[in-house]
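Have a look at these structures, which come just after this line.
In what follows, subunit A forms one complex with subunit B and a second complex with subunit C.
Up next, the complex of A and B:
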């Protein structure tokens, strides 16, 4: 990188040398001068100069200028309200206008106490009002979705929310309507704001106009604690504040990490916290007494029972991890199994090959890439939502974003990722479009390679592609794990014994099965194993189908109730802090009890030195042997019926499913089909269609024509695809 | 030597139906285009610079200079566009309408020459939505010009190619502001952009764009015909050429008149316009459209040119001269003007959005005779707090004229307070001067009857 040209700028008589082009708000800040702003927010793109709060005097210009729209140029002399009476008068004028029709209802506004408008008014605003006319009124508050409410009287029309919707999330759902003094913020066609990132507007809004409905009248700033922690719901690991009041989580806010999340959260991360208080939360150990019946037992008895069941397994123990545990929890369980019980078998999600780490780069590097390639059938936004925002930012910055999946910019059959990756790595005989792409990628300095699907080579196929393309400085490989801390859990498992250990035995009886967490319980492989286990020990937050086969169920904790470390998809170790105490001993404490009984010391606190997660990064090189990629699935039309591809919606999972206000975000009972297939069958969006699997299972779904979807492929969210085979027939009802 | 009427742009339009291509050609139409195509593009821009023509849309920026801010065609990384501002919506202004109505080919010819000069292959004409008849005339003229090969690929047999797209607005005054126009043209909400970047660098579709008013562009063929230096001799210093003035209000013969710049305002009102009807007295004149400060009756000897108007603290603006007689209540006028701008404020920036509404509230109270003394000062202070603080000039366009009405006719405002009502009572009339906003609404809803011009 070339060193930026430095220019001399004077702000309120203070001179500073600063890189040319730095925004004047930042330049002033570097001089220790704060210029008040409302609409200015660099993360939303180019400044718009709408609110006029930042008016300043610039030498040589007759009129006051919106400082937020200007950048540092040599010899620029800026006078803010601190030293220019003209600027001060301008600022007073704007603040008066902003407050003119504002309801001034701070005492019952949730934003009160943490409101930029309140703060700026307090510091620079008039002490009284000259407005003696009726103020503008609107109906309020308006629920723009079950999780967000809008108070149009408080809105100062800074257009931050609409700019986010249009220019960051690109969901285009928030709009301004009418003009002049009657301008209002609204959702397009008054439909609920249903999008993956909607909640961010409640943090962007500089007043109490857009507020989380879930926080309405729940707390005041002086009675809350904001606990810095890391979201544990997906492998991005966004940095968050958990706002707690009286021992309860009341709200989640972003704690901007510019390399990881840039201050954005998805709605799952923001609104799922209420699952802590779900009705079916397990609060004490449960022991199966009769078939499908559980009785609460004391902790002592539970520990005894666990030690007995595990001890009697005589080394035939399988651990099924969720991938949501902290490294320390996983480490304790792994040592218990591998060192204490002499077992080496586990189901470990996302056990990525270390070769992947050779191409590590911060997520923010995606935005600076020249070309981004996304491979795999899982929608990025559902697997690692914020990665989708980075990709959009890259596209806006001019990058080529190439998606390769059944609905991608290059449409391929479902399950082709490994095959495409080999074509790109060894383009000799590949189809021309892949040859051209491979050439382009080799000639590009900054490439972001995102793998969003299951790789049976544990990331090695992706790493091999990265190596073949010669990904270097400025480039990165992002293999999106399925689970939030799958990478940390697998490292912890490996560190506790001899490498990866074994797969669970294919058949025969198992002495004991430890199901760690609800997500593991949801795994069908685990369900099948449990049928063969003499003793099943489950830790889970909720009662459900997945706990029914257990002999002993222990209450599990949420990521908001734990202390420990986790590893995100970049391979970055981050600390989770306990925002609220779980209403019972946590898993670590329990396993320490069990360990003691089995003669293996396990610390009840996350103070064990965590395994060497951040050890030397492997060099950027080719990984070891790769399995032969599955041949590309049969081309369109030749298979029986349409090929079904399913995906896991972001708004699925044991926690989010228990949050009532998020119910509207759950995947719809919808079947996406290509334009050609819809046309053939006379189906249009909104039609009821009957979907029949090869095994005769039939279900009615609503059709949605997706023009980007490849012909011959249909797509359904997991929860609505239950029981369907790989191919389905679709007909209009 | 006093200046007076001088027909250049509207030459022959009284005698012939110049909307027809054959008629336009018969009086030398499209000759300038042929002449221009024989010149180097850069040489045409030089002629524009030499002509000293200033924009006719309101701000009066020299057209040649604006054109020279564009990147040279061989250095541009994106296509260059011409956008013709035909959104004409300022109260009192109806000259572009007359030009499109009567000499549509002059606009087309000017647009093609300008495109050739700046290296643009596409020109957009952003036409006020309510101008439906004008749209049809323009469309018919464009079709004829296309058929005749003046527009399209290989213009008039040359290597140049120019496409003209007529885009109809949807009824917003703000879309006449150049950057709001570009937003609207791109299909977005019509709101001004923050400048810089200026349209010459990043305009429509983030590409270099030249934006000029209908009259400015339609004058280009005359400049090419006469030569820039010759054109510059017309008018007075700093105000070259002729302008089409829209004369309206309390005057006997309202209408559009093409005059050499520098013609005395008095001569337009009395000699050409026939003076004030019904033996009434002249009270005030708005010289450049509703957004400019007013002139008192004793200021009408000033010549109509940029500098003279500036010396009187006002502007030539869009060339709309609104004559106000002694029946008009200046408080009511202030209210109507403020209501118009409140209604047309786009709502993007705070001072204009909030300030115009507040102005209307105060003015209404004043007009109804309910205001207290302090509220007159408040009104002036609100104007002051809007002035110079907005994102685009619309806020100023509300504050400036109203502040000028108070400054020049303060006694009338004072009497409203002291007498607790309008001193003009039922006598007050703004008929023909400025319609109230609700009437404006009614206009938008019904199709306006457009008078058809009779040809001798």
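Up next, the complex of A and C:
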């Protein structure tokens, strides 16, 4: 990159040399001068100059200018309200206008105390009003979704929220209806704003118009603490503030990390915190006394019982990880099992090959890529939501974004990712469309390769493709793990013994099974193992089917209640801080107790540096041997009917399922089908359809026609695909 | 789900634009022509055809005066009340229409025949008051012309 041309700009008599094209708001800041703004937010794209709060005097221009829409040019002389009475008068007038219809209900507005409108009015406003007429009124608050409420009286029409909806998340659901002074912020036909990133508008709103409904009347700014931590709900690891009041989490806000999340959060990360207070939260150790009956026991007794059960297993122990543990928790458990109990068997999610790390790049590099390729059947937005925003940002910046899956820009059969990867890596015999793409990728300097599906060969297939394409500086490989800290957990497991250890035994009795966390309990493989185990020790936050087979259940903690480190999908280690104290000792303390009884010292605090944090990266090279991909699905499907592809919705999982206000985001009982298949069967969106699997199981679902979906494929969320085989028959009811 | 005629017509229009969503205004016009007004279902059809959201289509439609977001009568009478027409008595013309039709501006007669609306400048400022009857201009219109216009409309 060439060095930018520097120009000289004068702001309030202070001269500065600054790259040409820098926004005037930033230029002034660099001079130590603040220009107040409402609508200006560079992350929302080009400035719009809607609020006029930034009016300034520019030498040579007769009228006041909106500074946010201008950039640094040589010899530009800017006078802000600090030195120009004309600009100050302009700003006062603008604030008077903005406040014309504003209700000034700060004493009972949740934004009060942390409100840009309030702050700027105090600092720059006229301090009085000439408005003698009744102010405009609206019904309020209007729930634009169960998690967001809208107060139209407070809205100053800065259009930040609608710009986010149109230009960042691109859901285009929140819009400004009507024109001029009659404009209102609205959704279509007042339907709920149902999108993965809707909550961001509550943080963008510079007044109290869009607020999280879950925070309404919950706390005041002077009685809260904001704890800096990292979200533990998906492998992106967005940086957040956990707002707490009196020891309870009241809200989650973004804590902008420009390389990871750019200040955006998904609705799962923002609103799931309430699961800490779920009714079925386990609060004390429970011991099974009769079949399916549990009695509370004291912690001492629980530790005793755990040490006994694990000791009697005589090395026949299996650990099932959730992938949501901190590195330190996973490390403690791994050492307990591998060094203390002499076991090497575990279920470890997302055990990626270190070859993947050779192609590390920050998530922000996706935005700067020239070509992005997304491979795999899992929707990126459901597996690692913010990655979807980076891909959209890349497309807006002019990148070619190529998605290869059943609903992608190149439509392929479900389960074809490994085949496509091989075709792109060895294009000699590949179909022409992949040969052309492979050529394009080899000729491109900055490529972002996103793998969103089964971790074929533990990421080696993806790494082999990255190596074959010669991904170099500026390019990155992003294998999206299934679990939030799967990468850290698997590293911790490997570091505690000799390599990866073993898979759990296929059959026969198991001495003891340790189920670490609710997600592990939800895994059907773990459920099958638990039936063969003499002793099942489970740590879980909630009671449910997944805890019923346990002999001993310990209360589990949430990521908001822990201290430790986690590794995100980039391979970046980040610190999770305890926002609120769990109402009981956390897992680490308990396993330290058990370790002591078994003669293996484990620290009860996350103070030992985790061996999981690798210091050196492997080179960008081809990984070792690859396994043969499964035979490709035949174009028309091998069985009768349509090929089924299922996916796990972002709004699924033990925590989010327990948050009532997010129930509207849960996946609908819906079958997506291609236009051609819908046309053949006379099905329209909204029709009831009967879906019958090869095994004869039938279920009624609602049809939704997806024009992007490849013909011959239907898609259903995991929750609604129970009992379906790989091929289904679909007919109109 | 057979593709509707409207869907195909919108595709033909969209093909003429480098960016397909730029076809939103002609597409809304086509939908209005087919449905008479831009009902929620009509907006959904346009959104589906251009791969936009219904909310976005509604936002565009609500910005402009000549898209109808409420059902309208078989005929429309649109009285310009912008500055030039207002200076030469548009208000009196409007009131004459209201009296003759028995409805307020923005309403439709009970028999569903005629919708009366006010409208922004129609570009006939030299010949105020301008009234668009079924999109054909009548100018200049005086209050006493109103019964004749309506008779003609009902008769034809």
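Keep this in mind: the second predicted complex is superposed on the first by the 729 of 733 C-alpha atoms of A that agree within 3 Å, B and C clash if a C-alpha of one lies under 4 Å from a C-alpha of the other, contacts with A are read in each partner's own complex, and residues count from 1 in each chain.
Please note the rule applied: contacts are C-beta pairs under 8 Å (C-beta built on N, C-alpha and C of every residue); 3 or more make two chains touch, one makes a residue touch a chain.
Worth saying up front: this structure is predicted, and the values here are computed from it rather than measured.
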Here subunit A is shared; do subunit B and subunit C fit on it together or clash? clash
So in the superposed three-chain picture, is A:179 touching just subunit B, just subunit C, both, or none of them (first/second/both/neither)? both
Now for A:625: first (subunit B), second (subunit C), both, or neither, which partner does it touch? neither
First (subunit B), second (subunit C), both or neither touched by A:131: first
Would you sort A:52 into first (subunit B), second (subunit C), both or neither based on which partner it touches? first
Quick check for you: in the superposed arrangement, does A:189 touch first (subunit B), second (subunit C), both or neither? second
More residues of subunit A are touched by which partner: subunit B or subunit C? B
Does the superposition put A:684 against subunit B (first), subunit C (second), both, or neither? second
Which subunit A residues are contacted by subunit C in one complex and by subunit B in the other? 175-176, 178-179
Complex interface listing, subunit B residues touching subunit A: 172, 174, 189, 193-194, 342-351, 353-358, 361-362, 365, 378, 385-386, 388-391
Mind pulling up the subunit A residues that touch subunit B in the complex? 46-53, 55, 63-64, 66, 69, 89-90, 93-94, 96-98, 100-101, 130-131, 133, 136, 156-157, 159, 175-176, 178-183
Write out the stretch or stretches of subunit C touching subunit A in their complex. 1-3, 40, 43, 51-56, 58-59, 62-63
In their complex, what parts of subunit A are in touch with subunit C? 166, 171-179, 186-189, 675, 678-679, 682-685, 705, 707
